[in-house]
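As structure tokens, here come the structures.
In what follows, chain A forms one complex with chain B and a second complex with chain C.
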Partner chain A sequence: MAELRNYAAPRSLAEALQVLASGPATVLAGGTDLMPQSRSARVRFASTLLNIQGVAELRGVRRRDGAVEIGALTTIATLRDDPAVRNGAPVLWQACDHFASDQIRNAATIGGNICNASPAGDTLVPLLVLDASVVLASGGAAGILERRLPLSEFLTGPGRTARRPDELLVEVHIPVPASGWVDRYVKFGTRPALDISTIALAVGGTLLDGRLENARLALGAVAPTAIRAHDAERVLAEGPLDRARIDRVVDAADATIHPISDVRASDWYRRELVHNLLRRMLTDVCPN
Partner chain B sequence: MAPTPREEAFADSLIGRRVPKLDAPDKASGRTRYLHDINVPGQLHAKILRATEVHARIVSIDVEAARRVPGVHAVITAADVPWQRPIGITKDHMPLKADIVRSRRDEIAAVAADTVQAAQEALRLIRVAYEPLPIVTNSAQALGPGAPLLHGEDLRVPGRNGALEVVHKACSDNVSMAYEYGHGDVSQGERESVVVVEDVFWLHYVTHCCMGVSGVIAEFDASGSLLLYSNTQVPFLHKREFAELLGIDPGRIRIIQPPIGGGFGSKLDIYPFEPIAIFLAKITRRPVKLLFTREEEFIASPTRQPVLLKLRSGCDREGRLTFRAVDTIHDNGAYTSWGATTPFVMMQTISSLYRVPHCHYRTRAVYTNNPYAGSFRGYGNLQATFAVEAHMDKLADALGMDALEFRLLNAQDPGESTPQGMHFRSCGFKECLGTAAERSDYAAKRRRNLEHWNDGNPVKRGIGMASMLHVGGGAKMYPSDGCGTIIKLDDFAKVTLITGASEIGQGSETVLALLVCEELGLPIDSVTVVNNDTAITPWDVGVHASRTTFIGGNSAIGAARKAKRKILEIAAPKAGRTPDDLDLRGGHIVLRATGERIQEIGKFLRSLHFSEKAELVMTTYYYEPPSVHLDRNYKGNVSAAYAWATQVAEVEVDTDTGIVRLLKITAAHDVGRVLNRLGIEGQIEGGIVMGQGYALSEDLLVEDGVIRNPNFRDYKLVTAPEIPEMDVSFIETMDGEGPQGAKGVGEAPAICIAAAVANAIYNATGTRIYALPFTPEKVYRALRGSNMPPKWPADAA
Partner chain C sequence: MSALIEIEFRLNGISRRVSVPLQMSALEMLRDMMGQHGTKYGCGEGECGACTISVDHRTVNSCLKFAVDCDGRDIQTIEGLAATPFGETLNRAMVEHGAVQCGFCTPGIMMQAQQVLTDNPDASRAQIQRGLEGNLCRCTGYRKILDAIEAAAHPSPAVD
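== the complex of A and B ==
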């Protein structure tokens, strides 16, 4: 085991930030990624373990000013049971419903899922489609500084994010989609749940006269991070969603991804899944 | 119409009722004390250091730093136990490796310490220097010229008199075990055939995934007698083996079996961790507890036998099978355990599931640097059935014959004796075929699905059938296939049933209690079962070969009937009757003809006990089934009864992703007779799910001798949402030798699923896949024609 010397379990955000400001700390939220990773020595603990579970202000879902704001400590189970999520962001709700198992959903937090920054992280693909951003706080007793980053900029690599060591992810900010918004989500794995995605896909946009306007397309487990497929989105925006356009969207998405081969799937198969499921998804959005 | 007194008296029969398992309340409420929950005063905790090389010479092992860790009582290597002796089916396996490691699971050193943490810290400080040796992880290559030899030298250990003796002879071709069986003349069969098919199949690695990981507690008393708390399925055989291993009298070994968190065949052999814990207990003079981690359980417990199988079959114009020829290469792994003996079961399916006039079977088990295979529910039968049932479909289709008709034409009938010497006194095979086909609407669906092959819809439906034959009345593999029972009745008509038959979660205590209560006319809650201590229970071979209900059941009935006879013989004269006039029902001695109650059994027992005669009712019985050992040509009626089943699988195949969903299993099982309906339903349903995992998702990935997915994240067991709808029918053939007519059924339900699913995928897509498992990427590649079907190696002619 690493040399873990201090354990801190603050009750307020200010206290938590103070701990972060004073030196390297490993943040413990739900612990569902951290514990197995530390046990298999893939993560080494810093000298301080900062357990933020007692920071009540980081829990809960609020609807404010045309946005859904989710506290970083909100569990996946809470999100799945929240009507604001189910109605306002069904694509995220679906991801929560396919997320691991009941036991893990009860412990795992959305902030943890984001900061773990797995290319296959279940909430990341829907959050990207929803154009979510994250709020990072730093400081302490003297005052709290906040900055907001689009999720796509926050995720920088497998297990890597733009979070500075003195920062804590405190909130996820999701703009409520305009009326007429439609979205679809697919998580593909051997099992319907309790599985790590072989690939994940989500698409969203406003459906108007056979066109998907303001379209967003996100993919998981096919690149170092969950990604938006901007080129494919541009093709989507150019005109009606007919068969030829779907083919071009698929080609553009294919050019964006860089899947790897691992114990779960080969890179070739991941590409095939992206082609087939994206085509199926877009046909389903606009059946003509 | 009101029931007659006799009907009323017999209405309390327990046979066929739904009786909850006696151990269920404790298990459901967390009260069961598994091995993991048992701690012995003064115990040390042990950990094992395993190889980091697949095949290498051990140059040096430095344990000095490990020995200095506070709390460490012993660090041992092979050098510390020069008297250790080999384990395994062919005695080719030393518990602690002295000079060569042959697989990544190999045990190099072990630590006993006050805490698990201290033991782990000590492991971390052990330095091992290796000199790598060429590895061979493909069984076909291991057979080829110039392949590295894994056991190329005699294994010598000191004998009783101290001189070295050879315990395992040098193996010059990597073939650890070989089998050859035949009847008739295959070339004549070929000549009589109008259709001949030949294919190569690959059956993969899976492992048992017992929820309770492996473990043991070893403790010597002051006189040097050994007490083991063990998860073994075969306590009496192991008592003897441990005695040989330690050079002590078997009478000085006692095995206590705490409740087992899953066996499925994995606990039929002795593995190195058990002797190692015993060595540490002997050296430290302290009780030593050793428990695997989950990762260790994946790496260092046995697998199902992986098999490369070539099958050639033919039939004549009328659809009668003409011949079957099988050649297999079993990847033995680095050491020989029960996996290498699966041909005993495989050849039964090859020779006798259907009538085959000409048959040839050959297996070579080949040493490699891979993990080694043990016994696993079904014991080779899943592998053999997979190939045989693929060919039943292919031959029928080639002949243009209905696949069900084809099977019915070739299916065995009651009363038949097969060329291999199996005698089917009871046989419900044709009823199984008919029932499963009818209840699933097999023929119509199979036809209809073909119409959708080219309809443009990427999601296809398929239906497939497979059947199985398995021993259902024990299997005479040892000098005795028996089981002993002791029954005592106390003054209040409470029964203690002391049986050699081990409970490993399969429900044996409940079914044995039920059989005893049926004889004695007592309610099920009047029985206490004692079945977990070799110092108390009479001898039994162990839990294997689906034998416990049959063998342990007949033994329990035998003891109960003796008790009943004694009661009735003493009670009869007092009632002015003969013993045959009387019976035991509803807690009373009754008139057999009318059900009229004569005396309460407890009252009778008290009057017997406290009379001048002063007697208790205590009986013993040893049941030995009327089966025989296989002869040198593998022929003989090895079981007292045989179980049959047909299972029909319905699947949905998404051709865009390759994912196969199992929608429904329609199963018909010849079980002889249903004893505990709840228990047998549980056995069948659990077995179906285990077969589903084998077919669709479980895949122990072994690459260059290394297991790549030793965890439940990437080794995918079936979870609740994937479990299909099940329609299970019981065909009750009332076997004449079986307990109340029953046959063994423990292994049967897992056997056909993969074969039925393969046939269903073909019916859905027109693509036949010859290698398991049917995981999405493999199916997708097969549908695109871009996978490599298994090939028979040129070197292995």
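== the complex of A and C ==
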């Protein structure tokens, strides 16, 4: 295992980016994933540990220009207690409320949950259904460059993202859904607390005359990343949400997912869960 | 040899300075370097809550916290809580209600109980239960623990 040699605890974003620009660094935010992963050698440290907890500008939730903007260092507990999240993004609020335990919510950050890129990451499915994007910053004292990526493009594999080594995820951007938007979220596990999802599902859209317009469907723990099910979304958008359409949506979702068998569930069981919970959610969101 | 980093923080109200290796957890620092043996090592991955401490007035799993990240913070362990009036009340309630058997989970439970009742002094039994979801006890079945925390939230006047 690589030996940590250097430590940096900057107080500003520009300083943090300068550290990242100068060589390989492992970013420390809440630490709730990094600590156990480094102990079990699932993550190798770079030579520098970059603790970004002191960068105050990366904390907090703002509502601006029809969007909820969340600083990457905002803890899950802060999100859970924030009215802008509860009112503007209720599926995200639900996921934060069901996230691990109080002690972990107090430490874990939204940026960390995203960059950890677990296929079962609790905030990812709600963020995908909300069409969230992430802001990545790079540069340093001479100037800060930012680029924005849809979350669906940021997540590239289990534990893998499109973040370059010199970049820091600084903000999560969630467009506030149009009026008439409805959504549902379900996380399935064996106990309510401290459980890694067996599967997670979220669906959202604008309900109009029995149709779910601009529908989005996201799934977790059934593919190498949390994913949007675009084929199923197209079926949803084609017409009224009756029993026949729900069957076709479920079929399309089934064709999109690639669940694995692991300690939490078999691939067969994960498919059963997706079929049954998706059917239940769609019936619930639009009772025809 | 891994680099040592000097940090300074408040531990139970007293300013402390210590040099820690970069990979060290706050739990290892507190137990092995600072004599805070009330904080327990249970699972080492945030599942059991036996290592719960308070950092800047929020409870966290000290096994998941990097010791270097304690720099500049205000940290309370069970040794600190036990010395407060509320800690004494809670301690007595835990004993009186038989909420302690092997005792391994007790410090973490008490730290988290303080958090729950600080956030909401009128917390219902269900809210206390929800607040303790990150703390495992393999002896008591939780009922006596909940009884004790409820009693500490609404202490009856002392009779002795």
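As a convention for this text, the second predicted complex is superposed on the first by the 287 of 288 C-alpha atoms of A that agree within 3 Å, B and C clash if a C-alpha of one lies under 4 Å from a C-alpha of the other, contacts with A are read in each partner's own complex, and residues count from 1 in each chain.
Note that contacts are C-beta pairs under 8 Å (C-beta built on N, C-alpha and C of every residue); 3 or more make two chains touch, one makes a residue touch a chain.
Remember, predicted model here, so these are calculated numbers, not experimental data.
K.L.:
Tell me the contact category for A:5 with respect to chain B and chain C: first, second, both or neither.
P.N.:
A:5 sits against chain C, while chain B stays out of touch.
K.L.:
For chain A, which side has the bigger count of touched residues, chain B or chain C?
P.N.:
Of chain B and chain C, the partner in contact with more residues of chain A is C.
K.L.:
By the touch definition at the top of the document, which applies to A:64: first (chain B), second (chain C), both, or neither?
P.N.:
A:64 sits against neither chain B nor chain C.
K.L.:
After superposition on the shared chain, which partner residues are touched by A:263: those of chain B (first), chain C (second), both, or neither?
P.N.:
It touches chain B, and chain C stays clear.
K.L.:
Taking the superposition on A as described, I'd like to know which of chain B and chain C A:28 touches: first, second, both or neither.
P.N.:
Only chain C; A:28 stays clear of chain B.
K.L.:
Considering only the touch criterion stated at the top, classify A:104 as touching first (chain B), second (chain C), both, or neither.
P.N.:
second
K.L.:
Output check: A:194 vs chain B and chain C. Expected answer is one of first, second, both, neither. What do you get?
P.N.:
A:194 contacts both chain B and chain C.
K.L.:
Going by the contact definition given at the top, which residues of chain A touch chain B in one complex and chain C in the other?
P.N.:
Touching chain B in the first complex and chain C in the second, residues 192-194 of chain A appear in both lists.
K.L.:
Which residues of chain A touch chain C in their complex?
P.N.:
3-7, 9, 28, 30-32, 34-36, 38-39, 45, 49, 51, 53, 77, 100-104, 106-107, 192-194
K.L.:
Spell out the residues on chain C that touch chain A in their complex, using ranges where they run on.
P.N.:
Those in contact with chain A are residues 2-3, 5, 22-23, 25, 44-47, 49, 52, 55, 58-61, 63-66, 68-69, 71, 112, 115-116, 131, 133-135.
K.L.:
So in the complex, the part of chain A that touches chain B is made up of which residues?
P.N.:
On the chain A side, the touching residues are 188, 190-196, 198, 263-266, 269, 272-273, 276-277, 280.
K.L.:
Residue numbers of chain B touching chain A in their complex, please.
P.N.:
Per the stated touch rule, the residues are 458, 656-657, 659, 696-697, 701, 708-709, 713-714, 716, 719, 721-722, 775-777, 780-781.
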